[in-house]
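You will see subunit A twice below: alongside subunit B first, and alongside subunit C after that.
The block that comes next holds the complex of A and B.
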């Protein structure tokens, strides 16, 4: 059994496989996990408020095993923000009531879970990216890891270490939101046929140390409104941890129309709102990160089983955008995939027909129970904040019914409008004071991101001519704005004009460019294993 | 050839550091750690010597439980076994204490070569290897750029030391010996999948640090350098302004 991706979904699958069942000979199946980050958990970024139900299903004694899940949510607040004011919601909508949930660091949870998984006998290979799927005919038979030791020009360095073919009876793809292997598998078998297109958001987060007494540990604040206009999807969050640690973040839908929009800039603006600035004043930013989220929900989940492979977690889109939670659903999908895979192994039949049991488990289990009633919620927000909120309220009563079900949706990048020579409606850049607000490069430094500089770019742009010609005119090079890590820059070209410069070593692996590029010519492939951000404590 | 390589776990380079409540060390609760860079080169050199001359490479690290991370990495890259001297206080200890911890673990085995990094990325004294040589009663040489067999005699090696200003020095010295290795002496290999699998079955002997000697010094305070930038405009006619600028650079900024 091979699991690609050591996040909550992949590790839940690994733990389930190693502990629950015995293989045909009475031995547990041999399970290996590939993880592209240098250490388990280093690429984990989430808010995060954890619904512990899936962790309890996976490991009922997680408390006594010392899981870093220690801060129960003590209060929920929701505000609608205007530029200077905040208007509290009179009641907390049921999906955002977090009683029984915990404020956590996902990095710490995953680091701990990785330890449990290894103790159960699973090999976790950190620092190895899955570069491509191996096929026999139309059957997935494993994964090829990326070559290491290739220089900028593509030549082998003295330390060259070729990628390794790892063959498995079942390969579980847990490669996260917009995972490169899942993307290729979905394209090859058109697994999204008849489904709604996946729609995404990007979350940008900073971890702060603030003076004592600002927010009690366990306080959870969500905001809507400012700095986004009504028609744009997104909002802010503040989650309080003990000892003055505060997670502050902003989520912006990757289906915005204005190519001048810059999510990082919106996040800075959010921090300057009196509500947030007051909580952060005198504090210190200690960590930064960004990550895309799949927001499309039930109708956007592709078929997740093929001959020899299953898709789990964010890679498949198991996220409840109404509750703003995905960790527990990722783990539930990992558990279901593990059970289906074990059933298939025991029957010596890992065909798609047999592995379809995974879909049945998803249908009959907690995932559908949670996602189906909110299946149209994110799509409703495409019409703007008010229709979205109205429909969200309605869906609580109707169980998600709508006249057109599924409510239609479009890929986010198609909604971007041409500049048409007008000035973008996006406000001017936020002044950077390096205390409350930061420029992208300073932020990237705080993400701990490091890549070997002497390697080929892992951001493949099929045709950079488009950048300096069509895109410049039509959209004004939105990549220079939507990337929260200043990877894309238009610089002066020799002989006049502009050319695209890709600062690949800044990349925090959020996948926004792969998702939001209006021409869909940017392909994110994994860089040399071990590279990327280091989100310790995030 | 029986080779010991001493490795230290340090906070990752470029990690945004914050000073802890005691103002005597950095907050390392949620820090990212890695193998001290010169130690990684020392390990690579040990592995290459073993590949050329046969023998065994034993890694030794002294520190809290978390240093198991770098021990595992060293075993995955090809070290044969490891010794972990367990002690919570070593990250902030002085070089004499750390050297004593390593010596306690290495003394009973007779190594032909003991390799350490030139210095650590955190405290950077460049002393641990030298004091360790003293504690083990071995000759030593520092800032090593190359190690070769010496044609003159059995049990001797030739080493190349880096001096200032682009100069190098070749020494012939007896073994057993201790060498402190300079970064960049070789090219680091990657840990392979096979190596990571094999590492799980390799021996890691943990030994307590029974009798730590008293520290020769304590860290009194740690401070982040204050970056201060001031801009001043010098007004007036060009000649007077230039003269005033020279005076400011010479008398106030002391840059001339």
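The block that comes next holds the complex of A and C.
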């Protein structure tokens, strides 16, 4: 059994396989996990408010095993923001209530879970990325890892080590949102046929140390409204951890129309709002990062089983966008995949028909129970979940937080409009003071991102001519704005004009460019294993 | 697979020597060969190798084979392959073992190919099991160990990672017979001409030791303007360094990059020309004693760490500085 991706989904599958099951002959199945980050959990970035239900299903005694899940949600507020003001929602709509949940750092949770998984006898190969799937005919038979030690011209360095083929009876793809292996599998077999297109958002987050007394540990705040215009999807969050640690983040839908929109600037603007600025004043930003999340919900989930492989977690799109929660569903899907895979191993039949049991488990289990009722969020709200008090504000709200209306029928990148006239509608640049607000490069420094600089770019742009010709005119090179790590720059070309410069080593692996590029010519592939951000406490 | 049978010693160790001095890792490979059981022969090739052969004869092995030929005076892959191929054809061992040195990496793949066998390189262990010989090879940077069984008729070439066996585990105490094996290598078939042994190239510049550094950033606009910077560096007796975009474009070599993914320096004088002062650059130079910055943007963060800041166009400021220094 091979699992690609050591996030909550992959590790839940690994743990389930190693602890609950005996393979044919009574021995535990041999399970390996491939993870591109150098240390387990280092590419984890989340909110995060954890619904502990799946962790309890996986490991009922997580408390006594010392899981870093310690801070129950104590208060739960939602505000609608205007530029200067905040309007509290007097009642938190039930789907957004967080009673019984915990404020956590997903980094820490995953690092701890990786320890549990290894203790259960699973090998975790951190620092190794799955570069491509191996097939025999149409059957997935494993994964090829990336080569190491190639220089930027593509030559082998003295440290060259070719990738390795890892073969497995069942390969579980847990490569997260817009995972490169899942993307190739879905394309090859058109697994998304007949489904709504997946839509995404990008979350940008900082971890702050703030003076004592600002927010009690366990406080959870969500915002809608400012700085986004009505029709744009997104919102902010503030989650308080103990000892003055505060997670501050902003989620922006990757289906915005204005090519001048810059999610990083929106996040800076959000921090300048009096509500947020007041909480952060005198504090210090200690970490930064960004990551996309799937928002399409139940109808956008592709078929997740093929001959020899299963797709779990964010890679498949198991995320409840209304609650901004995916960790527990990722784990539930990992558990279901483990059960289905073992059933298939025992039957000596890992065909798609047999592995379809995974789909049945998803249908009959907690995942559908949670996702199906909110498959069309608008209806759920119209069904009376929103207190009448909010009704007057509904026109504002429908464009706002975690509420998509109507469900998009086109991939987000297709909604981007051409630049009109001289400049886009984007407001002026946010002042950067390097105390409250930061430029992208300074922020990236706080993501701990590192790549061996002497390697080929892992951002494959099929045709950079488009960048300096069509895209420049039609969209004004939106990649220079939507990338939260300043990877893409248009610089002066030698003979006049502009050319695209790719600072690949800045990349925080958020996948926004792969999703939002209007021409869909950017392909994110894994860089040399071990490269990328080094998140801590995120 | 049963241990390969042969009328001579089934296991042949290839010793490594340079200028008659035995490379001590050879003993590790002798230890590996002994651990496999069966008779072991050790071969040493070169010129002036009597001493090395005598040293090897102290090992508890069946024989020491000596291959002397003028064409083997300095190491060349072609010479080595020709001599050893001829040896293996005469002796017909089942296994040929090497220490996994740079030299082995250089010629052993081609030798194995010439012998019609395979090379299983960089092993960390070997076990003889009921089913035959199993070699252990690390994968995934040592996180995994693969078991590899050689198949086919052989001879199988195997190299062992340095340190996989202990040199002092090699049993000694024998007085092995030394035998000269006639090989003749046709010098004209050797395509390589040996040069003086490779010395680790010293880094062309050691910026960390420089007393003065003139660093240039994207404000320089194009590679063609670099001489301007070099002129100032010459006038100051300084080394030239750069921010990442300059090295990234190949305008200056990567070892001249200052910053978090380049060098960290703390010279007495650091002159930053057309560098904005991104944090990744600052962490590499903010320990400098005196920092002078030239930038046309008064808000550039480089001025936050600069002792002397000149807000201006470097294409005007630098020539003026050079002229002033010339006086």
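FYI, the second predicted complex is superposed on the first by the 505 of 538 C-alpha atoms of A that agree within 3 Å, B and C clash if a C-alpha of one lies under 4 Å from a C-alpha of the other, contacts with A are read in each partner's own complex, and residues count from 1 in each chain.
In the analysis below, contacts are C-beta pairs under 8 Å (C-beta built on N, C-alpha and C of every residue); 3 or more make two chains touch, one makes a residue touch a chain.
What you see is a predicted model, and the numbers here were worked out from it, not measured in a lab.
When the two complexes are overlaid on subunit A, subunit B and subunit C occupy overlapping space and clash. By the touch criterion defined above, A:441 lies against subunit C but remains apart from subunit B after alignment on the C-alpha atoms of chain A. Once the two complexes are laid over each other on the shared chain, residue contacts for A:494 go to subunit C alone; subunit B is not touched.
Once chain A of one complex is fitted onto chain A of the other, the partner contacts of A:164 extend to both subunit B and subunit C. Counting the residues of subunit A touched by each of subunit B and subunit C gives the higher count for B.
Contact with subunit C, but none with subunit B, is seen for A:505 once the two complexes are overlaid on the shared chain.
Within the superposed three-chain model, A:450 lies in touch with subunit B and with subunit C [touch as defined at top]. Of the two partner chains, subunit B and subunit C are each touched by A:128. Overlaying the two complexes on chain A leaves one subunit B stretch of 23-31, 113-121, 185-193 or 239-247 clashing with subunit C, which is 185-193. Across the superposed pair, subunit B and subunit C both touch subunit A at residues 123, 125, 127-128, 145, 161, 164, 445, 450.
Across the complex, subunit C meets subunit A through its residues 139-141, 143-144, 218, 221-222, 244-245, 248, 254, 260-261, 278-280, 283, 301. Listed in rising order, the residues of subunit B touching subunit A in the complex are 12, 14-16, 18, 29-32, 69, 187-193, 196-197, 200. Across the complex, subunit A meets subunit B through its residues 39, 42, 105, 107-108, 123, 125, 127-128, 145, 148-149, 157-159, 161, 164, 166, 209, 284, 286-287, 445-446, 448, 450, 534, 536-537. Contact residues of subunit A toward subunit C in the complex are 123, 125, 127-128, 145, 161, 164, 434, 441-442, 445, 450, 453-454, 491-492, 494, 501, 503, 505.
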